[in-house]
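Each chain gets a letter, A, B, C and D, in the order it is written, and its residues are counted from 1.
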Amino acid sequence: MILGLAVIVVLPFVVGISWVLLVTELAILVLYAMAYNLTMGVTGMLSFGHGGLFGAGAYILVIAMIKGDIAMPYALLAAPILTALITFVIGWLCVRLTGIYFAILTLAFGQLIWATIWKMRTITGGDDGLTGLQIPSVMASPTNQYFCILAIVMLAVLSIKIIVDSPFGFTLKTIRENQTRAQCIGINVKRYQLLAFTASGLFTGLAGALFAILMRGAFVEFATVARAFEPLFAGILGGMHVFWGPAFGAGMLLSLDTFIGAYTEYWPLVAGGTLILLVLFLPEGIIGRIASIRKARAQRLNQSSA
Amino acid sequence: MGLDAILFQVLTGVGKGMNLFLLASGLSLIYGVLNVVNFAHATFYLIAAYICYTITGLFPNGYWLALILAPIGAALLGGICERLFSRLYDKEHYTQIMLAWGLILVFGDLMKLTWGSEGKMVPTPDVLAGGVPLLGGNFPITYIFVIGVAAAIGIALYVVLYRTKVGIDVRAAAADAEMTSALGVPVDKLYIIVFMVACWLAGVGGVIATLLSPIYLGGDLEIILAAFIIVIIGGMGSILGSLVGSLIYGVVFALGILVLPRFALVFLYILMVLVLIFRPYGLLGRPR
Amino acid sequence: MDLDILKVKSLSKAFGKLQAVDRVSFTVQPGVVKSVIGPNGAGKTTLFNLITGYLRADTGEITFKGMNITNLPPHELNRKGLARSFQIVNIFPRFTVFENVQAAVISRMGKSSSIVTSAKNVGREEAFQILDRVGLSEQAGYIAGTLSHGDQRIMEIAIALGGRPELLLLDEPTAGMAPEETYATVALIKRLVSEFGLSILVVEHDMDVVFSISETIVVLHQGGMLAQGKPEEVRQNEMVQRVYLGEEITREKGQ
Amino acid sequence: MKWCKESTLEKRLRGRKDNNGSKDDMGLEATLEVWEINTFYALSHVLFKVSLRVQKGELVCLLGRNGAGKTTTLRSIIGLTPPRSGNIRFNGRELVGKRPYQIVRMGMGYVPGDRRIFPDLTVRENLEVGRRLRGTAAEWTLERVYELFPSLKKLDKQLGNHLSGGEQQMLAIARSLIGSPELLLLDEPSEGLAPLLVKVLEDQVLKLREEGISILLAEQNVKSALRVSDRGYIIDKGRIFFQGTAKDLRENEEARRHLIV
């Protein structure tokens, strides 16, 4: 852990700017994947609406700063909170449904956000997006930006970790494992699903806002369905039932994009192929597989000693 | 705006809607019978459209040949994909959706490799060029053709499902696959057939869509969302629901463009949200 | 003063034309086992689902510790001290055995929304106590889904105990069990009553089990009550025997 | 009458090994032979070395209480819940490993306890699902089926979910019959039927046997089953405890013990 921290601190001084930017982006994607996983991996609700929420976070920050002249710290606070509010309203309507219907309703809301951003040109700039975000000078250099964003992401991931490990997080996992059973040990399932969805929206909004800072603006692409699939993909790659699974998946996803993308423009082919193979042959994800092998071995040892 | 102009627009919407019906009915059929959410369904539509482009480029008057061959190509490809999906029939829906997403990415890239990333236009066959004077405007023959083909296929689909042994078996399997197999019906073979027929329908949809708009990469994602809106509004698993949903989609979109040009799509999303909240199984669907 | 822990009064439920439960009334006294028996389709499971809030009653009233609990949702019933097990194994299969019980304990402690502490040690002692009580403490670290069928069913009872219930509803607790497991379960049920003073309502097919654990028995037939009484009385009841052999009988209406 | 005391639980524990299925040495031509099958649902062991035989043209009943293993036995035979070990032979051909539709096509019919009528299909369409051309003389046509169940003919265009319980039961039998089976597996056909309808059903079952169809009838309704059967088995807790002629079953005390409260 200390070694990891040391690497993080030293990194910007030994590698080039493009690498610093890449790692910053990675940090944001990790946060996004883990935020999403609160819904999908932890509580077991399939959402396709997170693209819209990610976009919402980004646009709220940019609109607040450009149109509202609000200082960045406040805008950075407002973005996740307002996104969480939006998520709460959407979630309140969505948690009545289950399974694929829940997923499709979130998809509809995600698309509604996307369409609103796309069509409300006067506020959002439509196709052109909103550019020209002025970043305070402390954060302007890639290295400073790197440290600021990484600090925020680490804080957020730590909060997610605390949530997942808490009795609240445990309750969410019970709901994922068996809703009927959760209900009859006294858990109000819908209420907890709504809370989990809202918390997930909060962190997704934060990730979107950070991404807007990195990109110096907000664009319609931030809110597409493809964007909604990204964290799900990351979760499947890494394994969504283990805490660091989605983070690992996000890393793999970005490396696929960056490195294979550098050799060939056909990286979606590779990514899609990987996804197909994973879903068919390794549905637990890579980290998830390792974890379950370990668990099984531990139980075997336990049984043989007992 | 005159009443004629509005009616004219409604007719255009019906044309678009009927084209989408071919796609939506297949999506609905796959869900109803196999309980699979085939997010990649529109990809078969796009592939057929590209095959049609190639065939029309090779042969003069190749459009009619394409109308026969391209959907068959989509169906064969669908048959292969069904074998992949079959491994996930008893798994959670999200795994099927991720498999579909993988297929979308892979096929998307393969299409880019084969046909490049510029948009493509398929020349309209001479017979279908021009229009007929109607309601004070000139209604394109292509739209009439699309409505005609889709209606004919819709009727054929109905006849097969309700009048033939295979169709009745399909409906039985949709309700209770295990009991159907215990009556001597090889349900897994039935599944392959249904998947292939659905992809064939999507293929026909793709080929006739080339008459209405250009072909471009990523078009499948737009179309699949439209198809989802349709089956949600109409009811997943109901063929009649897809028809009603398609017509609602086409007409609301066409009229929406007249009223608030930029928000036509938003209307449809709102409609879908309302349906999901108040009648999650759709206007003509039933809860399962 | 109400001495009965559970009081079911004239409860009815119909599905379309089928009268699944027809004016059923009975009571459960504290600290006893009461069984509900009857041939297939007699309405036992429907009755259970009505009491535990999974179905809404058409008419009738259910009172638990003097409170009217008719049509309350399952999670509220659980909080009031009424827990159930399921006919088909219904557990958290990917959790460990310990976590399965811990989940119930955390919920009962009202700590489900807490985010300040780690879940690891919350309710730990109590969960282990319960596992000890049902004889599963050695398997505490196992993944629940890998246990034998009998152990899974016993673990279900352990989950129910996590809610510190006063009344336990067991839906066919010995279904699908090997004889050794059945024997252990019967012993466990007896112990829960004698040592911990629980009241238990059981639906069970295995008549040996029913007669060895029950204080009183209710016999259902085609949704209605056919007989009620001590095991001996039910055994001697001519009507009950005839029903089980498939003879036609007409149930007296509105008894 | 002797009743189970608690000690019978222990007795059952001891008695387990004595009961190794039952072999039939009548030497007659067997349509169906089930030999020591063990069936599981996931981890739970449901059938323990169950063996039984159905002779050509015979009507055999399988009696037992709720949850005794009757349904699982039938599901094992038809291939819906294949046994993990043991053999099932139908006209000399091994069934274990075959898919349900293959087994049905070999000439077996299955009528499930909950009828499982396709709700959105009409009566005629429900029959259509079961129809297969076998090209044998014994083939059942729609007309012949309607002859046996005249009331279904009037309901021809009714949807499955609009039928009464008795009508559904008739349709469920008719639906299997139209596949021209040599052996019919009937799972608790009398369940939920009014007494008068049970009698009607018995007549129909007897008529089927007169047509030369062998029948394995799982029943909880002992009186009704013994009125029509030639022979029977008693199953309890997933094991066959007793077998004999209908007369034996009616009179034997030990047999009754497994059937009554």
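Everything below uses one rule, namely that contacts are C-beta pairs under 8 Å (C-beta built on N, C-alpha and C of every residue); 3 or more make two chains touch, one makes a residue touch a chain.
Everything numeric here is computed off the predicted structure, so don't read it as measured data.
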Handout entry: Per Cα centroids, the chain farthest from chain B
Key = C
Fill in the blank from the handout: Counting C-beta pairs in contact for B-D and for C-D, the higher total belongs to C-D
Handout entry: For chain A paired with chain D, centre-to-centre distance based on mean C-alpha positions, whole Å
Key = 55
Problem - Whole-Å gap between the CA centroids of chain B and chain D - result: 45
Handout entry: Computed distance of Cα centres, chain C from chain B, in Å
Key = 50
Practice task
Please work out the Cα centroid separation of chain C and chain D, and write it as a whole number of Å.
Solution key: 31
Completion exercise
Chains touch in the following pairs A-B, A-C, B-D, C-D
Practice task
Name, in rising order, each residue of chain B that touches chain A in their complex.
Solution key: 37, 84, 87-88, 91-95, 97-99, 101-110, 112-113, 221, 225, 228-229, 232, 262-263, 265-266, 269-270, 272-273, 276-277, 280-281
Completion exercise
chain B partner, complex, touching residues on chain A are 40, 46, 93, 96-97, 99-101, 103-105, 107-109, 111-112, 115-116, 119, 121, 225-226, 229, 232-233, 236, 266, 268-269, 271-276, 279-280, 283
Handout entry: chain A-touching residues of chain C, taken from the complex the two chains share
Key = 52, 73-79, 83-84, 86, 90-95, 99, 102-104, 106-108, 111-120, 122, 138, 141-143, 146, 159, 162-163
Problem - Complex contacts: residues of chain C adjacent to chain D - result: 17-18, 37, 39-41, 89, 148-149, 152, 172, 175-176, 178-180, 182-183, 186, 205-209, 211-212, 234-235, 240-241, 244-248
Handout entry: Residues of chain B touching chain D in the complex
Key = 165, 168-169, 171-172, 175-176, 178-187
